[in-house]
Amino acid sequence: MFVTANEHAGKAVGEVHRNLYGLTDLRFVKAPEEFESLSVLDCVFLALPHGQALEIAPRLPTGVKVVDLSGDFRLNDADEFREHYGREHTAVELQREFVYGLTEFNREEVKNARLVSNPGCFATATLLGLGPLAASGALKGRVVVDAKTGSSGSGAKPAANTHHPQRSNSFYAYKPFTHQHLPEIEQALRGVGAGGRWSSELVFMTHSLPVSRGIFASIYAELNEELTAEQLKEMYADFYRGSFFVRLVSGSPDINWVKMTNFCDIGFAARGRQVAVFSALDNLVKGASGQAVQNMNLMFGLEERTGLLLVGGNP
Amino acid sequence: MFVTANEHAGKAVGEVHRNLYGLTDLRFVKAPEEFESLSVLDCVFLALPHGQALEIAPRLPTGVKVVDLSGDFRLNDADEFREHYGREHTAVELQREFVYGLTEFNREEVKNARLVSNPGCFATATLLGLGPLAASGALKGRVVVDAKTGSSGSGAKPAANTHHPQRSNSFYAYKPFTHQHLPEIEQALRGVGAGGRWSSELVFMTHSLPVSRGIFASIYAELNEELTAEQLKEMYADFYRGSFFVRLVSGSPDINWVKMTNFCDIGFAARGRQVAVFSALDNLVKGASGQAVQNMNLMFGLEERTGLLLVGGNP
Amino acid sequence: MFVTANEHAGKAVGEVHRNLYGLTDLRFVKAPEEFESLSVLDCVFLALPHGQALEIAPRLPTGVKVVDLSGDFRLNDADEFREHYGREHTAVELQREFVYGLTEFNREEVKNARLVSNPGCFATATLLGLGPLAASGALKGRVVVDAKTGSSGSGAKPAANTHHPQRSNSFYAYKPFTHQHLPEIEQALRGVGAGGRWSSELVFMTHSLPVSRGIFASIYAELNEELTAEQLKEMYADFYRGSFFVRLVSGSPDINWVKMTNFCDIGFAARGRQVAVFSALDNLVKGASGQAVQNMNLMFGLEERTGLLLVGGNP
Amino acid sequence: MFVTANEHAGKAVGEVHRNLYGLTDLRFVKAPEEFESLSVLDCVFLALPHGQALEIAPRLPTGVKVVDLSGDFRLNDADEFREHYGREHTAVELQREFVYGLTEFNREEVKNARLVSNPGCFATATLLGLGPLAASGALKGRVVVDAKTGSSGSGAKPAANTHHPQRSNSFYAYKPFTHQHLPEIEQALRGVGAGGRWSSELVFMTHSLPVSRGIFASIYAELNEELTAEQLKEMYADFYRGSFFVRLVSGSPDINWVKMTNFCDIGFAARGRQVAVFSALDNLVKGASGQAVQNMNLMFGLEERTGLLLVGGNP
């Protein structure tokens, strides 16, 4: 087992991520230059800036399973990829082998996958909150998703939008209508459940919360017929039967109850044919690393929860 | 001039609100028992729990001007009042004399008013953000308003939802579809501009932000025809010409730039016929006391900005 | 196994502490009225307002081991108890059987104890940071401890000092020179190591941080002779050999790296004979429940870390 | 009047500092290349990275008054300057003309000054809190100053220590014993009051608070004789008579009550001969720009409070 980070090569993991001090003897190493020797590995997690997995994945030995956390292999359509990521997709063939690792939608496919593309954090929150309705064919008119994220979603590198004097106590919208998670959301909605029932217009808006972790999506939909919040909850309970990490709650979820965990909490409200679904998760766990481990567990025949029974709360 | 607060009677204002220490010699006094002697006053601000102004306003000498910050005199319809405030409206006659003090909508009426009902904080943010579109007749289909507020909106009394260990780092929805500001918003939208052009369904949802101050409303609307963000901005500039406290910004507003001020910042985004309008204000200033002073200025023929040229920022 | 909470009796634990939803089927029950039937239990944790354990502990069956998290059984001196807790100590005999459960100071005594009194959160941070110096006899002159705590230290009940609009972004001192943890700190310092070497005056000051969790103590001491930060670290490494939950760090600790964990991180600085020791922990874990479990583990011959290998970080 | 900022040259001030949008038509211009034409100015504020005022101040026309907010002209001793700022002092002659602009210590000197060196933020908080005791000659033994600052003290440029995911909810010490404000504090203490009474060792420690603004200094001193908190307050009231911006409070100050203002709030606690003095201010106002304006007011014979009657509070 090894973990790479060129900028930290040689340093102990616990020295860089000081919460891990004393919990691991791992040290960061440089990324390997040639990849043949990696055939001894069972699994590789790629957590790289967008574009780098495109270069690396095709060079990995074919016996190695891969979970890629970037956006490089999420989109089936090369044109959409070019439009949203600003580069050519140079591994179109390999992309077709990737399973979209939203575990709760694609559990069986993930079990049999060699290559898994881990969903984006906003996509996970939106899809888990909207999927059962999209699969039901009960939607009418456009769906509005008002999504909010904590600052850790912006990555580890300091920038103007994560400068503490600016970000603390702030709230604002960003990338209106154009967030790069939008196409993977629409692609997944078209395929959810039996597939083919999603035909709504999706209005997707991202905002910045003054917290470190957490995504909260407020999803507004109009239905063909009236449903109560309780009926919605039952519909979702059916859909998520056997999905430990989706918790259906009474009232609204709160990002504080899912932080540091792999849970996605979902709540409901309804007034006539207008419904609201709220989903909350930790962008770094269910929205990234936790879901990656969840997928790995399935890919290797392990119990899905292995290593993921984490207790959250507001620290 | 005097300021009442029964629980603090006898204490210096600067002892209770310690930011004011050294800036005023005022002391809190008990609320008067009989009101005839108040005829020496020019103006009374009522900032009381809902229901109390209902009792007091009818007893005030008729020569005194009143700005009421509660919800008691905002709704023209006594049935709606009963439904949302859970009590009978016991001063229906007097209510008809009240002008709804959203200054930017009703500036001329406020100038001539003796009685002004100051809008709710959510209502102010929503109406300033949605009013020009509602007046334009350009809307099609339902409008979704996803509104978020800081904790000071819950009042000065400690409660479970403002308990710091719970509230800090949190985000959640509350009072889904049922917030008591909804009827005053719909009432004002029906009357804005020439009036009568608003006929959309309004989906209104309130959320709690882990900050002390600030309201941010994300307003999602569909138009009859495509408009760019720039064209929207021009439409709003026309509507708000002469309204110093509405600032039209490029991109998204941020609650940090309006805190401690009487400004409401409004920004725009558009994709085809889908548009988003963002409005941000300080719930305690433009959403309450600042707007009350703004209205008082007009009621007494003073310059609208008197006492309100405040510089905000992120403290 | 059962968990009591009179105000929540009948409710699921996961309904009250929503981070635990889905992780346990436990429900809160009423506290038992008679205690003889409790003899089937191995261990009781008492986490009650100060004064209640005084009533309950003497009535528990003598075969049951007890960890009390309140201040009721921490002080050996009944006069000091009266002075700081404002009530008579009504179980002086039983108190003598209690071991002070600062695990790292009293590991062997805890292993053999039936009754353990879990230290206060401030006391834990201060004692772990100051103990090795106190035991060394190297101190000269008074010691100043400037301690800061998050809001969760004030308990679950909303109050003025935890009202979010007041507490967020705030910083202030409270209970100057008089915090009730002071006597247990002084008592433990007199006994640490070989005992009897502590004779310094202790200046102890508590402050409120605008975070939910975390205690940070800055300890200022003057030594008989110069020591570098590195030499201090070595002295502490000797003292804490075998103590997994004390991590000696380079530079300053940060409350973010210990939150949600049972670690206490300690760092050092020195200039001539002036030294500073910094200690950081999570007041709810190492400062309360985590240390209680750590003590229970020892009392039952379990590995000290059982159930406590928690990964922290800033959520 | 003009304001320079090379990186923002051409932009409106209200576009860069969006809280000022609508309040000023000023635009940033490039810094002038030659300075002779500046003789038309009355006053120049220099707010530059350390080292740049050293180059500029000697080139300014001698008729122009100057307030420098950097550390370049605060230290009388060129050796200390070299040690703490890592560069030669290249304007030693000019430095002798500078008055140290801690207004409350040097009001008369400032009135007559052409050149004023504005104190550092930590220095202001520490000196205002410690000055009266230092002047009294009542101190015995070392003084410990435990100071904490918000993130805006680190400047406008994003950096690791102001990266929001790291800084939010954090607390840690930094630059232990070595902060560059230490020498200006000691220099000012030696001269305060009649001068010459300060002979204590000063232990000075800086910490990072997870707020944007605010400095809080906890000052621990031992006295020659016992004084109550009330007696301390009287001593300070004498010292600060006529100093509007120092507010002596009961109990502890709170950074929330001074934010966005030019006030420094000071509180007291005592136990026998041990005393604690707490001072709180806004590092960007009384700790920087506000004090600069306060000094300018005096330098031009204006009322000291002109432009500085700001109402603070927790936004």
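Order of writing sets the labels: A, B, C and D. Residues in every chain begin at 1.
Here is the rule we go by: a contact is a pair of C-beta atoms (placed from the backbone, for glycine too) under 8 Å apart; a residue touches a chain by one contact, two chains touch by 3 or more.
Keep in mind it's a predicted model, so treat the numbers as computed, not measured.
S.K.: Give the chain pair, either A-D or C-D, that is connected by more C-beta contacts.
M.R.: Greater number of contacting C-beta pairs: C-D.
S.K.: Using C-alpha centroids, which chain lies at the maximum separation from chain A?
M.R.: D
S.K.: Please compute the C-alpha centroid of chain C, do the same for chain D, then give the distance between them in whole Å.
M.R.: The answer is 38 Å.
S.K.: Report, in whole Å, the distance between the mean C-alpha point of chain A and the mean C-alpha point of chain C.
M.R.: 38
S.K.: Quick check: how many Å separate the C-alpha centres of chain A and chain D?
M.R.: 46
S.K.: Using the touch rule from the top of the page, what residues of chain D touch 2 or more other chains?
M.R.: If we look for residues of chain D contacting two or more partner chains, we find 165, 168-169, 210-214, 254, 256, 259, 314-315.
S.K.: If you look only at chain B, which of its residues touch chain A in the complex?
M.R.: 141-142, 144, 146, 148, 165-166, 168-174, 176-178, 201, 203, 205, 207, 209-214, 216, 218, 220, 222, 252-256, 259, 267, 269-271, 274, 276, 278, 280, 314-315
S.K.: Can you tell me which positions in chain D touch chain B when the two form their complex?
M.R.: Touch list, chain D to chain B: 17-23, 169, 212-214, 244, 247, 249, 254, 256-261, 263, 265, 282, 309, 311-315.
S.K.: Please name which positions on chain A make contact with chain D in the complex.
M.R.: 150-152, 154, 156-160, 162-165, 167-169, 210-213, 315
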